[in-house]
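Structure first, then comments.
Chain nomenclature is as follows: A, B, C and D, assigned in order of appearance, with residue numbering initiated at 1 for each chain independently.
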Amino acid sequence: MKKRGVGIAVYCHPTGAKGGGDPSQAMMRLKLDGTLDLLVGSVDLGQGSNTVLRQIAAETLGVPLENITVTNHDTDTGPLCMGTGASRVTFMDGNAVIAAAEDLKRQIREWSTERFEVAADDLEVADNKVSVKGNPQAFMSFAEVGNEMNWKGSFPVGKGSYCPPAQTFDQETGRMTQIAAIAYAACVAEVEVDTGTGVVEVKKLAQAYEIGTGINPLLIKAQIDGGTMQGLGFTLAEDLGPNYPSLKFAPSNFLDYLIPNTADVPEMTYTTVSLPSRGEGPFGAKGFAEMCSFPPIAAIIGAIHDAVGIWIYDYPATPERVLRALEAAGTPAA
Amino acid sequence: MPRNEGTTARPARHEIRKPESAVNVQTETAYKYIGKPTPRYDGIAQVTGTNAYVDDIRLPGMLTVKVLRAPVLKANLLNVDVSGAARVRGVAAVISAKDVPGGYYGMYGDQPVLADREIRYKGQVIAAVAAVDQDAALEAVEQIKLDLEELPAVLDPEEAMKPDTPKVRPEGNIWSFDGGPFRKVRLGDVDRGFAEADHIVEGTYTTPMQEQSPMETSCSVAMVESGDQLVIRSLSQSPYLHLRQLSNVLKLPMNKMRLVGGNTGGAFGGRFEIHTDHVAGLLALKTRKPVKWRWTREEETLYSTHRGRWKFYFKDGVKKDGRIVARYVRTLHDTGAYTGMGPYCVEKNAMMVAGPFNIPNIAIDGYCVFTNRTPSGAMRGFGVMAGQVCEEIQMHRMAEILGMDPWEIRFVNAWREGDMTATGKVVDNVGAIECMQAVAKLAGIDLPERLKAMSSREKRG
Amino acid sequence: MKYVLSFTVNGQPMETLAEPTTSLLDVLRDKLEVTSPKRGCESGDCGACTVLVNGKAVPSCLTVALTVAGSEITTVEGLVQDGQLHPLQRAFYEHGATQCGFCTCGMLMAAKALLDRNPSPTRDEIVLGMSGNLCRCGGYVQVMEAIEDVAGRKYEVKAADTRGGK
Amino acid sequence: MPNAEYFATTELREALRLLAERGDQITVLAGGTDLAPKFNCRELQPGALLYIGKLGLNYIIAKNGGLAIGAATTLEDLATSRLVLERAPVLAQAAAEMGNPAIRNVATIGGNLVTASRAADMPPPLLALDAELILVSERGERVIPIGEFFKRAHKTVRLSDELLTEIRIPSVKGQTAFVRHGRRKIFSCCVASAAVRVVLDGGKCADARIVAGSMAPTPVRCLGAEGVLKGKNLTSDLAGEAAAQAVGECKPIDDERASAWYRRRVIKVLIERAINQASGL
């Protein structure tokens, strides 16, 4: 027999490392032809950090996206990054990239004062050029600026760093107030429970995220889709210790350790929520990548309860655990 | 999905969904690039198969690595005899603990590269071979002889906490936070809160060990360049932390090492620990040849760090109207045989385990316990995920016990601007209520007007 | 004992030596430097090594190399024609159907086999056709949307350029 | 060090000669889906491989109202063959539900039978269809009812000089159903499966086959459960009674995929569902 149920859950997730003190640096170098190298220390693990940081750099500096090359993960040339994790790269590296771009803009403006015979504050860097405020005819393209600055003795490299202050837990109260932007999510899950086999099929997921400003909708969707699938695996199937604590039957391959595939994708919808004020992230962005795997989990467990009246306390909610709980509740398999 | 037998009828085609329509992301029109669905920077390289992953690197004279792993959970390692292995044709180098020049690796610096005197978990690496090909390397590994004295192992964290249980590590089976056995968080007065409560709701939950399962298994290519610089093509998601750890293990200054990477076939936290860089580096230094060590899927699944297992005991004091007035959480994290990221996870868990809810009285005891399991590590949302999941299920159960709608209890307690986390952080830019309202709308659930009208910006009166 | 293996890889006749127990995956990657098929599990459980043998998708790690003597092998390296991306490559790029990209080449070959046989598959048929290709980044929705998009544009191997990207 | 020999003859006679001469050293290779992972991790290092993919054993033909299927026929061919869909739909369904499209393109029906895994997907429907297996050697031909083919897990009655060349499915009466449970909706190893054939005479069950897969070292034909159905009016209640009887005939084990406890419960449900489905209840 198949029974349907609905469940909900709400979550919050902080950006960055526990207790702060996790630095990120960025460098932007203006080249002879006006194109730029963006150097960061974070790693593109698939989440798309290079793409996002390039967008942030292009926006801040006012240059075309394709004029920026991103180089990451070479410890000889790359700047420092505490690590690509804890949902921190868009936020911490992003802020460092903004600082580097602003630094480069400042250098360009200061260098250009002589050329235009105005104060640095009267110059603006935008649209791939430096120009005199209020006099758009007086400008130099980035190609000219890059050529001249480099050949005439300057080294146009913008540097930026960002590091939230470090804090330790208070020994007695555990007080810890260093928590960077907190993102939010909520989920409604609809499941179908087969009371004969204990199989739970997730039919529909609706999710809402509050992540500050979204930098790249394509990558946000990828994080939500992908995180959701990892969350589904966690909820219903994945367990390295199925006979915990015994090591018996520990899975060692993808035949026994089952991660979700295309057939496990439920009908999914999302929306994002906009708040009137934004925090300290780049353009108001919050870190949220990790959180994408949370929302379905408790919503599914709640939905199982709604469908067949049982609570599962040990996860994943495997068919066997569901059947055992049904049997304990006096519902034999059918 | 069973196929339709003997019929060629096809269900109607799905409507083609455009990429931008499926997710409604708030975008700012003022920006040129921010908020725009820009395709991936490396997207063309990915779809043409031209972006090189570490295993795609082939260098002239490159050696292959295979290792001997511990056959038991816990043992004294009396002797490792590699002489037979070194004699196998095609073997360039065999290393064991005595060949490691420096100290330990890991976020808390307690893990030996190659097991030295003791084995703490099954699969721990004891010795490594670099050879001309996989078959020679495997044959050599078979020739390594071990002299072991097997010892009783501990697998269950509750068991591990008992005083007479064998010690996983000399310092004991419980991590010390500020000299105490657990990370202590105290907000308000929980005892008074429980006394005020109309109901006490308890619940115990466990979450599994989850493997990050990146599609690319751990892999390093190490070589010595420019005479004396060790270059490692790495999957690391924290190259600088790893550079520091490698510097300690290899006794090389940081300018004599260079980690190169940036193209990783998935990580999800699994690349926060060094898995292959250290051994590949040691063998490259020893042989002065390029060396590749790639794990099999079996090694990745069984012996890489994973999301550690958690156990949570919740005790909530709640009023009839749904207000939670006190919450006690005892968390137990099985960090495995070495520290890994265990204490970090327990502390981060303590920060968020009470969820996005305003609870005036909170007590949390967070334990990090050692067992003879593969060390745990980081995985997506490490520390936060397991705790909040169980917390949300506890919320659901509490609503049931109160005879309250599961939405209602969350709205009643959800953070407002100016509310406080368990560790005393005053929150701003709060969006829990707004997310619930939005998701209800999306799912076609008509919430009561009262809940629809709520806002995180209305401070708690 | 090594045996001569003659076959065609992406239209090029190839000849190499292989042991009887060597997989097609190992021959492609280690001998011929065709590295788009990836080693994800070496036991047929992940699909990252999917290639076409005479137009059919097969897991190259489960295929004993010598058994494909005389066959035509197609990998992602063979999808780009005259500098033009295959419509599937273009759609994967535009839809953000790649994340870490490790499964992508296997996905593209499985998708090509699917569309070659059935140019306008339903969502259920796509689910089935791609069920052997695991993606831990979990981007199945975008992969399926990309395939649907190609199917909707009337699948044919031409009309695409390599715009965008680096 | 690997030093295997490789034979890929197109002549059955030549293959049988090789098996007669040195069958005990030869590993027969068909699709390779079971062998290749063992080669890849060096768990298996055979002295010689005999590839049978070129022997012309990839065929599905109509024969005596039933089917003759070459041992090297791929699962994809089985799953999509109009003949199989018409005459042995449970077999087509079982083939379609096994593995994934790429694996089905290489895995063969013969390989699935000879490997004799506990979790094999082909045996239950073939048992329900009273299939016979043809083993050929230089000494001649043996026709083995599939029920007598499996000795224990990974062990069959095939002798080292014999080759499984054909699977014959006789013309059988009745309606069939196959219900399978794996840990993932699509593409997973079988945890338990049920193949059922019922021959109805009016509302009465004239004959029945009830087979449980992955429930013992070899597929289990549940004779007791068949007895419950035979001669009676087929109702849902009777199906449940037969399924309960079948559970007692199985000997499930705990393994990586499920516990014996779970298998016992789920096989009852699967058999009940299969009987209901086959008899249109």
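What we mean here is this: contacts are C-beta pairs under 8 Å (C-beta built on N, C-alpha and C of every residue); 3 or more make two chains touch, one makes a residue touch a chain.
Worth saying up front: this structure is predicted, and the values here are computed from it rather than measured.
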| item | value |
| --- | --- |
| Innermost chain, taking as reference the mean of every protein Cα atom displayed | B |
| Contact-richer chain pair [C-D vs B-C] | B-C |
| Chain located farthest away, centre of chain A as origin (C-alpha) | D |
| Centre-of-Cα separation between chain C and chain A, whole angstrom | 29 |
| Separation of chain B from chain C, taking each centre as the mean of its C-alpha atoms, in whole Å | 31 |
| CA centroid of chain A to CA centroid of chain B, Å | 16 |
| Contacts with 2+ other chains: residues of chain C | 40-43, 45-46, 95-96, 98-101, 127-128, 131-137, 141-142, 166 |
| Where chain B touches two or more other chains, by residue | 1, 19, 22, 37, 39-42, 213, 264-268, 296-298 |
| Residues of chain A touching at least two other chains | 45-46, 48, 218-219, 221, 227, 230, 251, 253-255, 259-263, 268 |
| Contact graph of the chains (line, ring, star, complete, other) | complete |
| Interface residues, chain D side, partner chain B - complex | 1-2, 41-42, 79, 82, 85-86, 89, 92-93, 96-97, 185-186 |
| Residues of chain B touching chain D in the complex | 1-3, 5-6, 134-136, 138-139, 296, 298 |
| Residues on chain B engaged by chain C in the complex (per definition of touch) | 1, 10-14, 16-17, 19, 22, 37, 39-49, 51-53, 55-56, 58, 212-217, 264-268, 294, 296-297 |
| Of chain C, residues touching chain D in the complex | 1, 3, 19-23, 26, 42-44, 47, 50, 53, 56-59, 61-64, 66-67, 69, 110, 113-114, 127-129, 131-133 |
| Sites on chain C touched by chain A in the complex | 40-41, 43, 45-46, 95-96, 98-101, 126-128, 130-144, 166 |
